[in-house]
Each structure stands twice: as C-alpha cells, then as structure tokens.
Amino acid sequence: ACSGDSPNAGNKNASGGATFLTVGMPNGPQTENHNPFLGTSAGASLGYRWMLYEPLMMWNPVKPADPSKPWLATGAEWSPDFKKVTITVRDNATWSDGQKLTAEDVAYTFNLIKTNEALNSAATPYGEITASGSTVTVTFTNSMFVYKDKWLGQTPIVPKHIWEGIKDPATDANKTPVGSGPYTLKSFTPQTTTLSVRTEGYWQDLPQVKELRYTSYTDNNAQTTALSDGSAEWSFVFIPNYKTVFIDKDPAHYKVWAPPVLGIHGLYINTTKAPFDNVALRKAMSMVVNREDIFNQAEAGYFHPLVTSVTGLPSPAGDAFVAEEYKGKNQTVDVEGAKKVLADAGFKLNGTTLNDPSGKPVKITLTDPSGWSDYQTSLEIVKDNFAQIGIAATVDKANQDAWFRNVEEGKFDATFRWTNGGSTPYDIYQTIMDGKVLKKIGTASPGGNFGRFNSPEATTALAAYANATDDAARKTAMNTIQKIFVEQVPMIPVGADNIGMAYSTKNWVGWPDDTNTYGAGQPTQANALDVVLHLKPANS
Amino acid sequence: MTLSQEAEAPANEVVLEAIGLTKHFPVRRRLRDLFNRTHDAVHAVDDVHLTLRRGRVTALVGESGSGKSTVARLLAQLYPRTAGDIQLHGQSTKVRGGRHFRQYAARVQMIFQDPFASLNPVHTIRYHLTRSLKIHHNAGSNAAELEEALTNLLTRVSLTPPERYLDKFPHELSGGQRQRVAIARALGADPEALLADEPVSMLDVSIRLGVLNLLRDLKERLNLAILYITHDIASARYFADDTMVMYAGRMVEGGDSETVTQTPAHPYTRLLIDSAPDPDRIANMLGDHADRGNGEPPSLIKPPSGCRFHPRCPMAMPRCTTDLPVRLEIGDKPGHWAACWLYDEATVAAEKPGSAAIDHSPEAVTVADHAHPEEVR
Amino acid sequence: MKFLVQRVLFYLFTAWAAITINFFIPRMIPGDPVKSLLARFQGQMSTDAIDSLYVLFGLDKNASVWSQYIDYWKQLFQGDLGLSFTAFPSPVSEVIGDALPWTVALVGITTIISFFIGTSLGVLAGWRRGSWIDGLLPATTFLSSVPYFWLGLLAIYLLAGPDSFFPSSGGYDGAYVPAWDQYFIPSAIQHSLLPALTILISSVSGWILSMRNMMVTVAAEDYITVAHAKGLSDRRVALSYAARNALLPNVSGFALSLGFIVGGTLLVEIVFSYPGLGFLLFRAVGAKDYPLMQGIFLVITISVLVANLIADIAYLLLDPRTRKEG
Amino acid sequence: MSEPVLEIKNLNVDYGLGDQAVHAVRDVNLTLHRGEVLGLAGESGSGKSTLAYGLTRLLAPPGVVSGGQVIYHPEKGDAYDVLGLSDKELQAFRWAETAIVFQGAMNSLNPVHKISTQLTDVLAAHEPQMSSHSRTARAREMLKLVGISPDRMDAYPHQLSGGMRQRVMIGMALILQPQVVIMDEPTTALDVVMQRQILGQLIELRERLGFSVIFITHDLSLLVEFSNRIAIMYGGRIVEEAQASTLYRESLHPYSAGLLGSFPALRGPRRELTGIPGSPPDLKGMPTGCSFHPRCPKAFDPCADNIPVLGNPDTPDGATRTVACWLHPVKQPVS
Amino acid sequence: MTIPTSSIDQVIPGQGAMAQPEPAKPKKEKRRRFRFVSNRKAATGIIVLGIYLLFAIIGPWVAPYDPDARGDQFVAPPSADHWFGTTHLGQDIFSQILVGTRAVMLVGLAAGVLATLLSVLIGVTAGYLGGGWDDSLSALSNVFLVIPALPLIIIVTAAVPGGGDTLVALIIGFTSWAWGARVLRAQTLSLRRRDYIEASRANGESTWRIVIFEILPNLTAIIASGFVGTVIFAVTSEITLAFIGIGSVSSWNWGTILFWAQSQQALAQGAWWWFVPAGLAIAFLGTALSLINFGIDEFVSPRLRSMGKTKVKTASGRTVRMRVGFTPVLDNSAAPHTHASPIPVIGGKPTPVNRSKEAAQ
C-alpha cells in the first residue's frame, strides 16, 4: 500500500516529544456512538464526550462545596428558592464547524432534554426555558439546590443547528460530532478512538496535548497491564495491590490518586428484621467493623477511600458539611465498647454466640454478587469482625440480578452497596434514609432506602434541606440528618466513592493531586477536560 | 415342561400355512415422485403359498435376494404383511406385539441366519435360554425346575455336559455351538414350527453337518414342522422332505426334494442346479453353461412382466413375457409342480420354446484378442 | 435431491426452534438492562436516571411477550435486529459487525490451521504407529485438558510483557485504524499470535486423536491391504486410500467446530481482550442486552447450521456412497 | 506344467511376539507350478488366509513372518526370495508378479474412488512411462475382459453389484498380467449362479494368459471341480496335497477324508455323510504331536507325541502327492 | 469435542468372527471383566481419579486451614506453613484446593450422570422406536446441539438464582446431553437391526425388556465414554462459570480460586502460586478422565488396542517397525521352525487311542 494515503502512516510516534496522550478505560469494545447525552455511548464510556462537548460550569467534585468555575457560562444567578436560574453564556465560544455558540444553543439543549424524557437522566424538573441575548433563563418546578452543580457541570451543550436536524436525539449515534470543546473526532474504531486538537476557534488557550487516544480495554486486567507497561497513561481502574502491580514498575512516574467524592459505600442493614431492628445491635456492629482492613485488603488501600467520620461523610469532600458536634469524631474499632452496648441492650454473649434479648442466637447473612470481588472481600472481613461479638455471619455470593432484586425488595439481612453521589451529602443520606422512597418489603424501591429505615424525622429533614431557601435552615436540617444517621445507624458506612485515576507523569505533567486538587482525575468525569487543559509536556 | 407332544397329533398335520403371502417394502420417495401417485415398492415376496407339516422339513431354496428370509420373517410375524394370509392350524392369524404375539411365538419360532450375530454378546447362554423359557412359561415354578429345563434343552441340542456351556458367553463358543444354542433357545418356547433361516450358511463344512443332523433329529423326535431356508440346494436334497424354489420373490417350483433336485422342471431350478459346484463334473467343461445364467437378477422394484425369469430364460416364449405363469403339475411325481409355461401344452404348441430368449453372450467372453502385447511389457 | 430438500427443511425447523428458544431464554433472566447499567456504574449513575433509561430503551411500554415475539419475527424478516442496550442506540447489526470479523479471523483461521495440523499429525501418528508422533499423544492430551483461559493467562504471564514481542491484549496497536495497509495488518497479526497459539495448543490434540484413531481403524480395512498388495507407493496408500477415508468423520467434526467458532471461544477473547463476538456475548448477558444476545445467538445458530450444511455437502462430495439417492 | 513359479519353503507365520505368539502357519512347504490352479482348503482358522497374506508380507500387525522363504521364479531371469526383497523391490513385485483377490470385494475396493481410478493407479505405479490415455484404454479392456461394460468405468464401487465388484477385482488382478494370482475365497459372498459365471471366466482367462492360481475356499466340491491340485491345511500345517481328482477319490489323511465326507452331493446316489467329530484346535494350545490326533478316528500311538512330517507317501502314486500322517510312512520328506 | 469419533464405530467385544472357542477355564469371566483395568492408560486414569475422589470426600477434613479464614501473611509464596501460598486475605490456597475438590467432583459427576441419563433416554428411545419419535427427538437434540452451550449455561444460571452447585450441575447436565444422544441414537439404529435383537423379539421379548436388557448393555462402552466426556465438560464449564464470576457458587471450587486470582491480578502481582495449582488440578483431572476414556475406547475397539510392541528384532539383529502392508520378516531362512519328526515310526498299529469321545464338536 502507498504509505501516503494510509490513515496509519506515521501514527506510531516515537515516544520522544510527546504530542499525544493515551487514555484507557476497561470497558470492552465500543460501538461508534458519540451522542453526548447517552451514558451508553462510546463517548461517555471512555469519557471523550467531555473533550467534544462542554458544560456550562466546571464543577470540582473533589471539593464539592467550592464554587464552580465559569466555563461556557460566565455566570449563573439562582433565585433564593433555587427554582429559577439566569445563565450568562460566553460570547467567544464557537462550534467546531465554525458557527458561534449562542444562548439559543444553550436554551435549545435544555429544551431538548426537557422534551425527551429519555435524555433527562437526572430527572431535572424543567419549567420555562427562555433565551434572550446572551442569557438563558430556566425555571424549575422543584428546588434545584442539591442538583445545581451537577446540572450545570454535567450537562453537555449541543449546537442547535445540528441537533434540530436529528430526528430522534435519543437513538441517534451522532457519528459526526460537532461540539464546542477543544478536540474533534479524528478516528473511531471499536478499540480506539482518537481525537485531535482543534486548530482554531476554541474560546480559551488550546491544550498542549495535540492528540488524545482513548483505548477501551476488555477488562481490569488488561487495563492494568496497559498502565504498567506504559501503553496507557491515564485511566480509572481498580488495581489490586497497586503498589506492586503498577507503581513499582516505574515509581518515578506511575501515580495513583483517588480522592473521595460525596458518595459512599457501606453495609446496608435490613432495619425491619429482628434483631437488626434493634439500634444497639446495629451500633455494636458498626463499632466492630474494621474499615482499615477493608480499605487495605479489599480496596487495595486506595480504591474506596476510608470514611472515618461517624457521619459517614468522606474527607475532604464532605468536611464542609460535617455538623459541629461530630467534627473530629471518628470511627474506631471498639470491640469491648460494642460488647458493652450489647450487654446494656439486653444481648447476651455466650462464649462465641450472641443471643438477642429474646434468647435467640444472632445470625446474619451477608450478601453481594459473586463477581464483585472487592465487596466479597469486604464481606469476608466483616464476617470475621462480627464473629468477635458473637454474631454468626455467612457470606452469600449471590447472582447479580437476584441480588439487585432482593436488595430493592428488602429481602436481605445485610449487604454492601453504594449510595447516590452529588454535590452535597443530601444524595448520600437520601439514598439511605429517605422515607419518600420507603416501600414495603417485597415491593421494589429502586430509589433507595433498601434497609427499610423508617424515620419520618429524617424524611422531613431531607426535604427541608433540599427545599430550604437559606443556608441556616439548610445547616439545621443537615445537622438533624447527621444526628439521626449517627444515632440510628441505618447503614454502616465504610468507604467512599472515588473519582480517581492511575496515571503516568512520564510524558505529561500537571495532573491534579493532593497538593493541587483542582479537579477529579477520572477520565470520564466532566472535569477531565479541565485536567487535560492543565497538562504540559514533561520534558519542557 | 412339556416338550413331548410327539404322540398328540398325527404326523403330516398342517401346522402353518401361507396363502398368497405378499410383502412389498416401500421405497423411500424422491422429490420427483411427490408429484405422481405411484408408490414404488420392493416386491420382495409375491403371492407365496407354503405349507409346513408336522414332522416334515420343507426347504426353501433360491439365490440371494429372492425373498427367502422375508418369507421366514413374515411367517414369524416380524414384519406386517402386505397381503395374503398366514394360518396356524387353519386359523388366520395376524399379531403385532403384545400378548398375542407371545402366544404366536410360543408356537412358531425362528432361528436366524448368522450364529455369530443372533446371540447377544453381553449375555450368557443361561440368560438366553432362561429368558426363552420364562417368556413362554416353561421355566417351571422354582429354581430347581428351571435348572432341569435348562439341562433338558441343552441335552436336546447335544450340548453336553450342559453345565459346561450354561455360563459361557457366546463368543466363547464355536459357530456350531452357537447355532445349537440358538436352536435350543427356539426350542425353549416349545414350538410346533421352526423357521430356520439359513442356519448353516456361515459355518464350516464339518460343523455344518452337525447342525443339520441335529435339525433332522429334532424333526423326528419332536415331530416339529421345520422350514429350512438355504441357497445350498445340495443340502436341501439331503435334509428336506420337500423343496420349494423361489426366484425374485415368487415360488417357481416345488415338490419332494429328491425329485426337485434330480429332475428339475423350471429353467431357473435347472440353472441353479447346474451352477452348483459338483466335484464329479470334469473341470473346465463349463463351455455351454457358462453364458446361460448370465444377466443380473431382476430389479424387484420394477419386476419383469410375465414370468420374472424370462429375461434370463433360454427357453423363453413370447407368452412368458406377458402372462404370469400359473402352477402346473409336472406329472413325473405327485406334488411336483412348476410355475412355467413350458408345462402348458397349449402354449408350447403355439410358441417355440426359446423363441423369445434374449442372447446374453457378452462379447467379453467370446472375443478373444484383447491384450495389446506392445503395451504389456 | 430429496436429500437436499430434507436437509433444508430440517435446517429451517432447527433454525426456527433455536431462534425461538434464543428469544425466550434471555427474557427469563430476572433483572433488566437498566438495573445492570446501574450496577455497572456502581454509584456513579444516580437512581434518578432509572426512569429516563426505561424510556430510552423503550421498556416503558408493557408489550406482552407474545407480541414481542411476533414483532421480533417481523423485524427479523426485515433484516432488523433492533438496537443494542449496552451500546445504545447502536443497531445490533453494527455492534456485531464490529466484532464478527475479529472472531472469524482469529478463531476461524486458527481452527482451520488446527484442523490441518492436527489432521496431518493424526495421519502420521495413525499410519506410523509407534513412531515419535505417537509418543507425543499423552502430552497433547494433557494440554487439551488444560482450560483455555488458564493456558492463555499463563501465556500472557510468561510470554507477554512490556518488552516482549507479544502484546498482551487487544486486536491491534491502538495507534492504528483498521485498514488494509502495511501498518495495520502486521500489528493485527502480531496481536493475534498469542491467542491463536493458545487455541491451537489446546485444540489440536483433539484432531490428532480422532484422526489417528480413524487412521488406525481404516488401516485395518481390506482395501488398504489391497492397495498395498497393488504395490502402490506407501505415500499414495497413506494419503489417497487411508487418509482419504479416515478423513470423512473428521470433516463433520470440523464443520461443527467451524460453526462453534463464533460462540465457542469467549474465554480466549476475555483473557486476551480480543474484540470478538464471544466477549460481546458475555457482556451482553451481563448487561441483559436482549437484542444483542438474540442477535449473537442468531449469528451463532446460522453459522452452525451453515457449517452443518457445508459438512453435509462436503460429505456428499467426499463420500460417493452418500450420493446414491439422486 | 511342472516348472515351478512359486516355492514356499518352511514358511512360518506368527501373530504376536515371544510367548504370546500364535503360530498360525507352521513349516508350510508348497510349490505352485506354472499355469496350474492350486486349491487350498481346510477348516476355518486353519491358516489359509494367513499363508496367502504372509507370502506377500501383507499381514497387518501383529502378524510377523517368523521364518521361511518364498522363492519366486520370474518368467525371465533368476529366481529370488520374496521375503528378502527391500520395500521398494517388494512394491514393484506386488501385483506385477503376484496379484491377490480377497474375499470381500466390497471391502477390497476403496469406496471413495471410481473404479477407473483404482484400475489405473496400478498402472501408474508400475508402469509410470505409460500415457494416461493408454492406461485408460487398458482399464477399459480389462473390464471388457471380465464381462463388464466399459461404460461403468466411472462408477463408484457401491454402484456395482457384488458380482460386478468381484469381477472388477479379478480384472484388476490381471491388469499387469502377473504370473501368480492368489484368490482368497473370492466367491463365498456370491450365490452359486454368479459364482459359476465368475469362475468360468477366470478359468478361461487363465487358459489364455497362462497365469497360475492359488485358490482358497472352504467349498471342497468347488475346489475339486476347478483346481488341478489341492492342498489341505489343518492347524497351520499342510496335511495333504495331491491332484484334485486323486484327493477326491482316495484321500490319505483322515482329516481330508473327514472333510470330503462332510458335504452333501447334489448328484448321484445319496451317500452317507460322516462329518468330523470334535472341535478345531486352539492355536494357543495346540495338541502335541499331530494336531489332528484328538479328533482322528484312526489315531494311534505315535500321533500324540510326534509331529508327522509332510512327504511323499509309500503308495503307487506316491511321487505325485504328499501327506503328513503317521498312517502313511513318508518315503521322501519335502524339504 | 472430547468424544473421539472412534467410539461411534465401535466393535462389540467378542463379535468378531475370529473369536475362538476356548477350553473351559474357571474364573475366566471374572478376569475378562477387569481386563479394562489392566490397560495401562486406564489404570493410570483410574488411580488419579481415585485420588481426586478421595480428596473430594476427605478434603474438608484434612485441609490444614479453613479456606475462608483470613491469615496474617498476605499473598505469600509457598512455604512450610502454606504449601501453595496464600491469597490477598491470607487464606491458605492449599486448603482452598482441597476443599474445592468436592464441589468440582460433585458437579462433574452429577452433571455427567444427568446428561448421560438424558442422552440414553432420548438417544436410545429415538433410535429404537424410530418413526415420529425418532424425528421429533432427533430434532430436539439437534436444536440443543445448535444452541451454544456455554452462553446458555451462563444465562440459565443467571435466571435461577440461589441454587448453588446442584443448580450448576443440573444446568450443565440439561444442556450437554445432545451430542451423546446423537451418538447413541446412531448406535441404537444399527443395533436395532442386529440379528440378536430381532431374535429376542422373535422369541417373544417385550419392547422395554429389549431396550433395557438387550440394547443397553451393548451400549455400555459408548455410554461410559460419553459419561467421561460430559464429566470433563461439566468440570470445565463449572470452573469457567466460577472463573468469570457467574453463578451463585458459594462454596469453594477451583474456579473460585482462579476467579479470585484473576480479580486480584495474581499474575501481575507475580503470585503464580495462586494460579498454577488450580489450573494443574483441572488439567490432571481432565487428563485422568481422558485416559480413562482412551482406556474404554481401546478396551472396546480391539483395533485401537495397542498390540504391545510396535518394534521387533529380526534374526539378523535389525530392528523393524511393525506396520501395515509390510509384515516384518524375522528370519529369512528355509530351516524348519517346529520340529516334525523326519523318520516315521513304522510298524505302529493304526488303532484308535484314548481319544476323548465328544459328540458335540
């Protein structure tokens, strides 16, 4: 073949002067689909949708309480009840086809989502959407307080002139994406997607990374291998024993950074089942869970960052929200304390068996899908921990679908699961305690409250927090929520979600880390674009 | 155990009779036949009349594929028949499995052609015989009686001492011994008629003789009616009282064995007898017979019209090609008949025998000079 | 002729039955694609998305299974396999189309090579009984008892690495776009070597064994003795007489395995991150992606049936005895 | 007639090795003369086929030729030992000098090749210089010779009837005009009419082409009718050998007599059939002495202890026949 | 495809025309029954399998540790304490293997039994009854052949949660009978036409007795090798399922071990001990079963039975290989082999002596 017209000519760059960045995700072969609204698209799965399309604001989930950075919008003014927002759209942004990005486009995008229920994945309660000049005004039927940052920071803005012509935006693969981001699509294959930087028209300085190569690896193993042999420079993947497997391969350059966000994992307990309806028992259980062990053995010492605060809020993301009375109060393993709590509540420890006040031995089945190895490991550890206070635990490696159904229907004793995440602790607590989504055992409650925690007080406080019009009211509500959480132990928090990354500084530097927490590291997050814009060649 | 019914019935009583027995095997239909309505079939047996009498051996001879085995299987009711009737003691019977079949099997038993194949290799002789006795309720009521019945059976077929054979597996016996076991198994049902389908063709000459002698002995001692199927016409002469000749699914000649073998009437029987090896004949004197029997046996799917032998018959007359010959008495001995127009005086008078014969001599036999010496080294 | 019509009718029936089963079985799985999607994102997708996803996947309409079945056939006859859920809204045909060539190329070629190598070695081992090839058999038996995936992982561990010639995953170098040029093709071949070797090692002994046994059986046939008696060269007797007859049963085995190419090597694809159909199916099952599962099953069913048909025809060509019925 | 083509000297064939060996053919001495038909008869398992396969080294494992010589006298040139030939020489010898027709014709023909292919590949192997056109011509001729229309050239074996297949085999055996044709029960699967047709043709061809035949069968009446000389085997040995008519009328060995007394005759007076009592010997546990002695009605002292030697008996026609029996003292042992 | 094609055209023992009447030897039958074991391959296979079975039974008792128990040495290489090393939780891998044997063997054998039963039921019924039964049952098994087994197993395991090993065994059993049924059907078809089946019918045996007592015993070899094949398949399937993390296997089996090893990226961590033992355990079990399978095959088909030596030494000292078409000539001299007495003892009287009179030949 004539090398001149080959698409591959000169692609195998020498590693010297880095011009491209290789990004990997362990998500298997992709199908060409650049629809920015769909979580199932290749763009979302690998994360490059944020390199093509931009949000209005750049929100940093590592520091959720910090104000968002203006991006396509130069500012957003919320009404006190958070039911109306006025957005000012920047005037120097252009689409990659050269057309100017206007407030019309922004309004069109919101309208598109509003009118296509299938695209409204955050269930945003849109009201009126109007554009005038460079501003867009949007009203909502509910308070947007807890959703505002995600909404602004995670809604890709699309060009009206293109999308008007798309018949069904929910089922369109958007094969020739036109966005406002600094990159354009160069090539797509099921394995690798390549983006190249725009030549002109980007509203700020173009990134120094000239080309982004997103490779989709089949599974975690392949991804890890790629990271450790340098063929992937940036990824988000669970690496067991990451020090040996990854870092040690090139300690100078290979790094892992996994900051927590406001979303946690923990052991949900079925609060309707005796004896677990007894708060003392739940409290005692929480006191013996060795989070440290779970963090180190199940999560490889980094993946689900330890949640130490008794409020279940991870640090530093949740620090701003922790109630005064719980500041500095941390979870510790306290077997003796737990025994005491139990004894006080009428439980009896006979040798290695704990009997509940009615005299029955306490048994518990810990369940999680068989393929989820970190959860399974966590359960094994929890099982051992429980044995210390005489609770006989068995680990059930369930089928994933059955587990899903059983958890939603409340048919379980205890299970490891995650909560929703967001820009405030609301999402965490709502998933665990919200009475609005409480269902009878046997009826699915997909929205949360799997442990059937019935506390009208908590429900009220959650609603108060979401709809409050001033900070003080919010603070009060949050404190109430945390108090209930700490005292009632509806769930045993263990670790946080992370939006971290494994990366290499061999070719590129400027990544966020503990010293510079300007954004989340996960390449599929919206602020991955911010990360890429921060990167500089290592040897310059 | 009541194997002794010698005295009960007079000899020569008809035990089993086939009347107009016909069997057509349907041929698998091809696509193009889907559109016409004729159903092709192998005319394996057509209009066969046969009588088995107590204390007599009836031989059925004929070349391979002439339908001998089919007749036997029809008589044993292993195949449903296409037409005709089978009468057991004058009573028309048609059974298909179940109790009735077992009752029929108790009276009519069949011995299969191949002694190497007709015993299940995984079972002992004891099993085979016990089953036969049990099925037909001849096993007695206790173990001792069963043992006695087994011993009796084996003694009857001269497998002595019986203990030596009872617990052997078929493969541990010689062909002749196996054939005797097969016969013993048939006798275990205490039958009146025995259908022996080429019981000796797979055996060695010296072993063969033993089995045939045994059959004759059984006939005499137990007064059985025996159908002896073979294509070895010489053995029919020796062992059978009557001999029937089949050709292409039809009976062509019958009569007492000595007459049929020594003065054959039907041209096919003559061909058969002429072809049988004969040590007394001088070697290499094949000349005039050689081309007589030429030509392949006819297709049984579309059998020739008229007499089925006519395409190969040196005496064929025009009538043979059109009319099916009827049984005609030959007249040399009582009961000797042939289905051949040669014995119909009117026909012979009107047409010259051999006038419709096809000349078969293939050039291969007559043309001499084939080898091209220059090509053969 | 009749034979063919009969075969075709049989294939149609089998295809219908298999497709029907393939339609109903996925629907028996509890759970649905939306839940699976949530599970995949463990916390990063909010439960708020559930409703919109149901609408998106068109699962909000409560059509009866029966009417779905009818619709499925209607779609099938229009060549429409529906939209995949995992890669929504890509059409199933496109998703399969991306994966199929890889599987067919890797596994297909390997199966063919394995068949030829195995059969040739089997011919030798059977013909020259007691020679060194015969001594090889226990070793190959052991190798064929090793699970594919384990062998593959070991191969990656031992042979692949940062400096190794063998890449440990993927179908080609990420720098290239599939194209028929001097960059891509060598890269694709290089990536296929290790998985191909794994498949080869664990599958070849089956062919060797069955061919050897057939050779031994056939070598005892009279016509082989006759062929020797005719003074033909050993080669000719071995190939034209013995192997030619011994091959017949192996051919149907080969055709059958050709059919299973598509679905049978899921694990190799998983282990080597090979972008093929087996892995796709695995993911589809995990994600409750019915349309994709059905599509893949359809492809598998059809390829098995076509392979069988080819086997029938090959038999027809190779064995004159089966040609008897016009 | 008396000139030998094939001399078998002390041929021994075993199945298996060492202790497990079954001696299927023991010290067989036999001479085939030019142009004659030599019949070989004997009970099942007496080693007839083993002898036929053994002398051309066609036995499948575990068969081994454990000793002896097979001296072949070509039409021109010096005699040589077939068992001493190299593989290449043996391949050239086979079929060109000695052809074999086996029992089952269905199994003797390769089911997947046309009969034309199977006929011509003999020519291709032995006469490579021959053009393919003339090969085909030869094959057609051969078919005509055995009475098959040459337009059946392109038929596959299964498309032919049993008789036709057997004729194809005979034609194939004669295609190189060998000196010796060995026929192992060539007609047992056929019915008498077909059998006679085929043998008739064979005899006629032999007269024209002048080859010698070793004819193996159970059917003594057939042998007597068709062969010049007959050899009788028992327990792996030749026990008697004589002119066909002589053997038929006055056999010397009790076993031959038993065989002859076992088959019914179709013509002539009904004679009494005697048969042979007892069962054939087990090759693994051969009786000592004469292997027939346990069944022999005339056995006497020496039979149980000493193996009788095959030689010309002390009878008037003793020079033309041989026998191995203590009843008939040997004048001149066959070496 | 682990069932060698040779089992299709097997030869029934003792059917060959070569079978010789042998003089009565006591206890001969018994010896014949166990001849199978004397086959070296089969014997090796049976011994290895026996060891596995033993551990399946006593494994949990002899295991030095509780396989779930966490220890304090994480991912430690083999040592005196932990023969096969430890996992990321400090669990003892040796104990896991021992304890896991039971589940593997259980599933393998249960699935093997089930699939064999089904294949016999369907194959033999189809073959013996023929007609409409045959057509519909053959169609059924063909459909099951066409449906890809492993994905189906994955789906069904996912569909019926909570069944554990039994379920896995059931599903594997239910999905893997088709091939065996096909082979059995073909064999039954040919058996049905055998004379001895017809003969017992003519003798008056009932259909079910014919099937059970006449046909089935003759299929033993095929059934046995089919069973062995299914067991291999079931074991690999079970392990595969566990390895890819599907199914609700709560107990330990080797697949579970491999699953953990894989999800903890054992090889990348250099923890080969986590990986290798389980794989070898599978491979040896598979090999043992294949060896038994060969043993059965060779036992059944005399043609495959190796004839002991394949090389022989000739008198001249050369070694030649036994091969088809060129019978070895050991000694190429005309000397007599056995010694016939050259000098006849003349004068002996031809009087019959002690010949055992035996009417039956």
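Points to keep in mind about this one:
For reference, chains read A, B, C, D and E in written order, and residue numbers begin at 1 within each chain.
Just so we're on the same page, a contact is a pair of C-beta atoms (placed from the backbone, for glycine too) under 8 Å apart; a residue touches a chain by one contact, two chains touch by 3 or more.
Here the structure is a predicted model, which means the values were calculated and not measured.
Contact with both subunit D and subunit E is made by B, C. Distance from subunit B peaks, on a Cα-centroid basis, for A.
Each of A-E and B-D has its own count of C-beta contacts, and the greater count is at B-D.
For subunit D, the chain whose average C-alpha position is most distant is A. With centres set at the average Cα position, the gap from subunit A to subunit D is 91 Å. Put simply, the C-alpha centre of subunit C and that of subunit D have 54 angstrom between them. The distance from the centre of subunit A to the centre of subunit C, with each centre set as the mean of the Cα atoms, comes to 38 Å.
Mean C-alpha positions place subunit A and subunit B at a centre distance of 90 Å. Multi-chain contact residues of subunit C (touching two or more other chains): 29-30, 129, 156, 219-220, 225, 227-228, 234, 270. Among all residues of subunit A, those that touch two or more other chains are 225, 228, 369, 400-402. Within subunit D, residues 53, 58, 60-61, 87, 90, 275-276, 279-280 each touch two or more of the remaining chains. Listing the residues of subunit C that touch subunit D in their complex gives 129, 219-223, 225-234, 236, 240-241, 244-245, 248, 318-321, 323-324.
Residue ranges of subunit B in contact with subunit E, taken from their complex: 76, 78, 97, 101-102, 105-106, 109-110, 112-114, 116-123, 131-132, 135-136, 158-160, 164, 167-174, 176-177, 180, 182, 185-186, 188-189, 206-207, 210. The residues of subunit B lying in touch with subunit D in their complex are 63-64, 174-177, 204-206, 208-210, 213, 231-235, 237-238, 261-262, 271-281, 283-284, 286, 289-290, 293-294, 296, 362-365, 367-368, 370-372, 375-377.
In the complex of the two chains, the subunit A residues touching subunit E come out as 220-221, 224-225, 228, 239-241, 244-245, 297, 369-373, 377, 380-381, 383-384, 395-403. Per the touch definition, subunit D reaches subunit E in the complex via residues 9-10, 12, 16-17, 20, 23, 26-27, 45, 53-54, 57-69, 81, 83-84, 87, 90, 275-280, 282-283, 285, 293-304, 306-310, 324, 326-327, 329-330, 333, 335.
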